[in-house]
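Here come two complexes built around subunit A, the first alongside subunit B, the second alongside subunit C.
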Partner chain A sequence: MSKVSPLVIAAAAGFVALVLPFVGSDYAVSFSIQLLIFLVLAYSWNWIGGYAGYTHFGQVGFFGIGAYVGSILISRWEVPWYFAAIAAAFAGALTAVVLGGAMLRLKGPFFAIGMFGLARVLEAFALAFDSITGGGTGIYLKPVSDLRPLYYGVAAMAAIMLLLTWKLDNSRLGLKLLAIREDENAAESLGIRTTRLKIGTFVASSVAPAAMGTFYAVYLGFIDPPTAFAPNLELTTIAMVLLGGMGTVLGPLCGALVLSVVNEVLWANYPQIYLACVGVIILLAVLYMPRGIVNLCMKSGWLAIGRPLFRRLAAREEQTAS
Partner chain B sequence: MPIADLLVGGILLGGVYALMACGLNLIFGVMRVINFAHGDILAIAALSTVSIAVGFKLPFWVAVIAVPIGCAAFGALIHRLILRRIEGAPMIMSLLATYALSTILVNVALLIWGGGYSGLPGVLSGSVRLLGINVSLSRLVSFICAIGISLAVWWLLEFTRFGRAVRSVSRAPELASISGVAVERVRLLTFALGTAMAGLAGVLVAPAFAIDPQLGSRFIIKAFAVIIVGGMGSYPGAIVAALLLGVVEVVGSYFAGAVIGSALLFLLMLAVLLVRPRGLLGAGVAL
Partner chain C sequence: MSDTILAVENVSKRFAGRIALDDVSIDVARGSITGVIGPNGSGKSTLFNIIAGTLRPDEGRVLVGARDITRASAAEICALGVARTFQISRLFAEMTVLENLVAVARGRDDRAAIALALELLDFLEISGIADHWGAELSYGQRKLVEIARALMLQPRIMLLDEPFAGINPRLQNRIVEHLRALCARGITVFFIDHEMRIVLSECDLVYVLAEGRLIARGDTQSVRNDERVLQAYF
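Entry: the complex of A and B
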């Protein structure tokens, strides 16, 4: 099999996504919503984690902020969920702007720890300020009778994220981010405004997760701190990007498809060991396939060879000890 | 509750943080690996202690000896199977690997021990009067052991041949290798030592706290806060910061509730990260 025309595949996938709610069962729609939410999260994480190379363990913090902002708007003032999602996205962006300047002065492990801690602080606040957030009891929303509008909303977001990532991958901006990932000091000495770019990427990558938080809250009809700031959301998202291929256009898509199906099977049959299995998948991917599925496809000629193959991320053999 | 009680309570709590954070710091210094699974090793060690003392009805000191040794062996295994293979890879890989490992350990612990809380009734129970303050015996003993071992490891690092090798690998691995230090072996031993310290911290936590498999994730963030406030890679910094943060947590919890009390630690950590990333006693470890 030689190269497949990407347009044909994209058109087919788009068609399937459009008609699915009308031909598929409720279960299929529900499953697809989850998959698409993860897809959007994975694409957002890919920008900061894959392209800019900043290990971001705090994305779930923005997801949680979005979930709470959206739920509060919906439950207090009966705002329609799509406006609530937009408001949540703004809240996410605003938080990221405020935090970005401070957090992105941190590099490598400091950033990872800082964001990891921040998500936990936010969770603690959500628990403590129970007059606003309902504390441990959480917020209950009216269950939605028809999941289809929600589905189309998430699907549209996912399509936008895919498109933006494709644009990014083919732009100077994308190259600049990769330069930051490979060697931040060198990038800066070449005249790339690293700080501005990093903050921009950070803000951009926190908008969609916040919107997804609201979608998720509406989808579940319920939100509480452990659900909104669940570390396993973070873990699954990262696992998807890593498995698919960090810093690639199709990586998050491949990873999300594969891992969602695996998750669904595991979750249905062995709910107790589900998370441990996700951990094992990440571990195996780190050890044996750090460049992800997309790279394997490129090597075997299924996909056109793109930039990732020339990158040194996780390439142990040619790298000197750091 | 008077201030003196709070201070003593905080310092006693800080002892366990010190032992845990020193192990984490040691591993970071030598291997440049942030071990997200450190807290879960502590949790599993604590749960194993309960199993040994309550389940098998063996005396407590058996756990004090057996659990850290088991943890050291486990640490050596992790180093062999995972960390050694991703040496030299970008840092994101080791972060993801230990994060994944942490998830695996929590969930395996949940499978084995279930999600409920357990404790060690009857071991080191009661309290002693110290300087006019009632101090829980278990916390006092765990504090003394934790600080004792932390200082012993510090001595090991500063004044022995092995310690010199560890410090040289931490500063300049290539030069150490040229000078005849078996870098790989030092890394293996350091990781095993660090894990054993987490294990011992777990054993000491068991009689003093209610423990469950999620304990690790609560402790690891505090240990992160400690090593960041104290300065990454700085051994005395970790001990000082651990005691300081213990006091901050206890005082904060007393005045503002437990949730805000522990959130205070992270806010302090974030503040130090932003204002003085080297930490209070920063050793200035090059990344």
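Entry: the complex of A and C
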């Protein structure tokens, strides 16, 4: 069976993304924005959770910070949304720098739950400081008349995340992160600077979610604490990465596409039982496809096995040697 | 001694009051093969973990050359040229053998890292498994890949934790040949093992631990005839 190159898939997805706003309905554009926001969230989470093995339930904390920083900048000072998103990204990174050292002392379930707690603390702050955040009432933004610029912004971000993940997957940095995931103590004993790498990855994985927070607030035209810090956002993101394949380049893409479409179809047709159906699908996927769609495709030969760069380089070295 | 590359000075370690190491001192000469033997629970692995920086001693200090590394982190010790293998193989299972090696390489150049990895796999006669996943390897292959991975760090000192345990005599002899070749390249080999046949035939200097204490030190001949060693072992 001939193998499909990941590049071909990425190029096809890119083309569809580019022409969609011109051929698709408003509904399609709106749905795509949501899908792409999830895609960016999934790629970010994949760096720290999939590659470095530090799975956690707190990414929505950065998303919420971004949503509020962006919304405040837009509503109070009328900053254009794209600048607000950049400022939000910085705010997310800064928060991660401050928290990273302390949080990453925790490992395994303690880190996962610790991060969940952190998101809840941030949500409580957003609720309490109502002079800045509007408290439970939230912040209302002027609705955007044309969704297309927003769509292209999110699409560009998703493309960048995909490209960066591909670069990471084919770099020694990626291997070092996988080494941390596989056996952190052994990695440390073999000279890999685990603390530095973990904090770096944690910070990097907080940037895009914070920017997406602002995009989401602009898209909705409104933000309040339960929306900005919704655990549902977090769980959907993680489910997408799990379904697609953790620590792979195409995993988040496959997971986000499949789960978003399934979600939407079920919601449109069976609104009463759609959440239960999604739950069952995730359950079955984890039971029968624990390594995700991408790994299943690699195993059955439809996709080239990941991380080909080193093998190609090695082959070239051997050729020169002989 | 001027050519001592690794020195353990009066090191003691207790776990919850139980003595694991009691005032142990060891010198390893540059370019030598030095072995530590001792029955199970004699403190061999504790000693190794203290040298490699994964455990801190309660008392005493460890020196690499003139540098005190007692409080240094495992990664810092590694950067000083001390590389280790593990008693129970700790290869990165979801990476290929080549990736296992390249992941720990120093420097920025990918091509140089790969060239070194291929050279080492060739040196250890395991080039054929470069593309195999870490999880797929046999026990003996894992031991060899661990040695190759430690060599990727271009170390001055190799700490080998039971490199001969559980593998057949033919492979044992091959590993011994490789260790001799490493010494010829100027690398110091310090290892712990149960395999008396090899320890007592190949080492330049042997230390014997029993119940956390050093009970003998000397060349293979003197250790073989030492009364306390015979008592502890036979």
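In this section, the second predicted complex is superposed on the first by the 286 of 322 C-alpha atoms of A that agree within 3 Å, B and C clash if a C-alpha of one lies under 4 Å from a C-alpha of the other, contacts with A are read in each partner's own complex, and residues count from 1 in each chain.
Here is the rule we go by: contacts are C-beta pairs under 8 Å (C-beta built on N, C-alpha and C of every residue); 3 or more make two chains touch, one makes a residue touch a chain.
Since this is a predicted model, take the numbers as computed values, not measurements.
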| item | value |
| --- | --- |
| Which of subunit B and subunit C A:Thr95 touches, first, second, both or neither | neither |
| Subunit B versus subunit C as contact partner of A:Thr133, first or second or both or neither | neither |
| Partner chain(s) touched by A:Lys176 [first = subunit B, second = subunit C, both, neither] | second |
| Subunit B versus subunit C as contact partner of A:Phe125, first or second or both or neither | first |
| Contacts of A:Gln272 with subunit B and subunit C, given as first, second, both or neither | first |
| Subunit C versus subunit B, contacts on subunit A by residue | B |
| Touched partner set for A:Leu235, first subunit B, second subunit C, both or neither | first |
| Subunit B versus subunit C as contact partner of A:Pro109, first or second or both or neither | first |
| Touching partner for A:Gln59 - first (subunit B), second (subunit C), both, neither | neither |
| Subunit B versus subunit C as contact partner of A:Ala186, first or second or both or neither | second |
| Intersection of the subunit A residues that touch subunit B with those that touch subunit C | 313-314, 321 |
| Touching residues (chain side subunit A, partner subunit B) in the complex | 49, 53, 55, 57, 102, 105-110, 112-114, 116-118, 120-121, 124-125, 127-128, 231-232, 235, 238-239, 242, 246, 272-273, 275-276, 278-280, 282-283, 286-287, 290, 313-314, 316, 319-322 |
| Contact footprint of subunit A on subunit B as seen in their complex | 28, 32, 34, 82, 85-93, 95-97, 99-104, 106-108, 110-111, 173-174, 217, 221, 224-225, 228, 232, 257, 259-260, 262-263, 266-267, 269-270, 273-274, 277, 287 |
| Subunit C contact footprint on subunit A (complex, rising order) | 172, 175-176, 178-179, 181-183, 185-194, 247, 307, 309-311, 313-314, 317-318, 321 |
| Subunit A partner contacts - residues on subunit C that touch it in the complex | 52-54, 73-75, 78-79, 83-84, 86, 90, 92-96, 98-99, 102-106, 110-111, 113-115, 117-118, 130-131, 149-150, 153 |
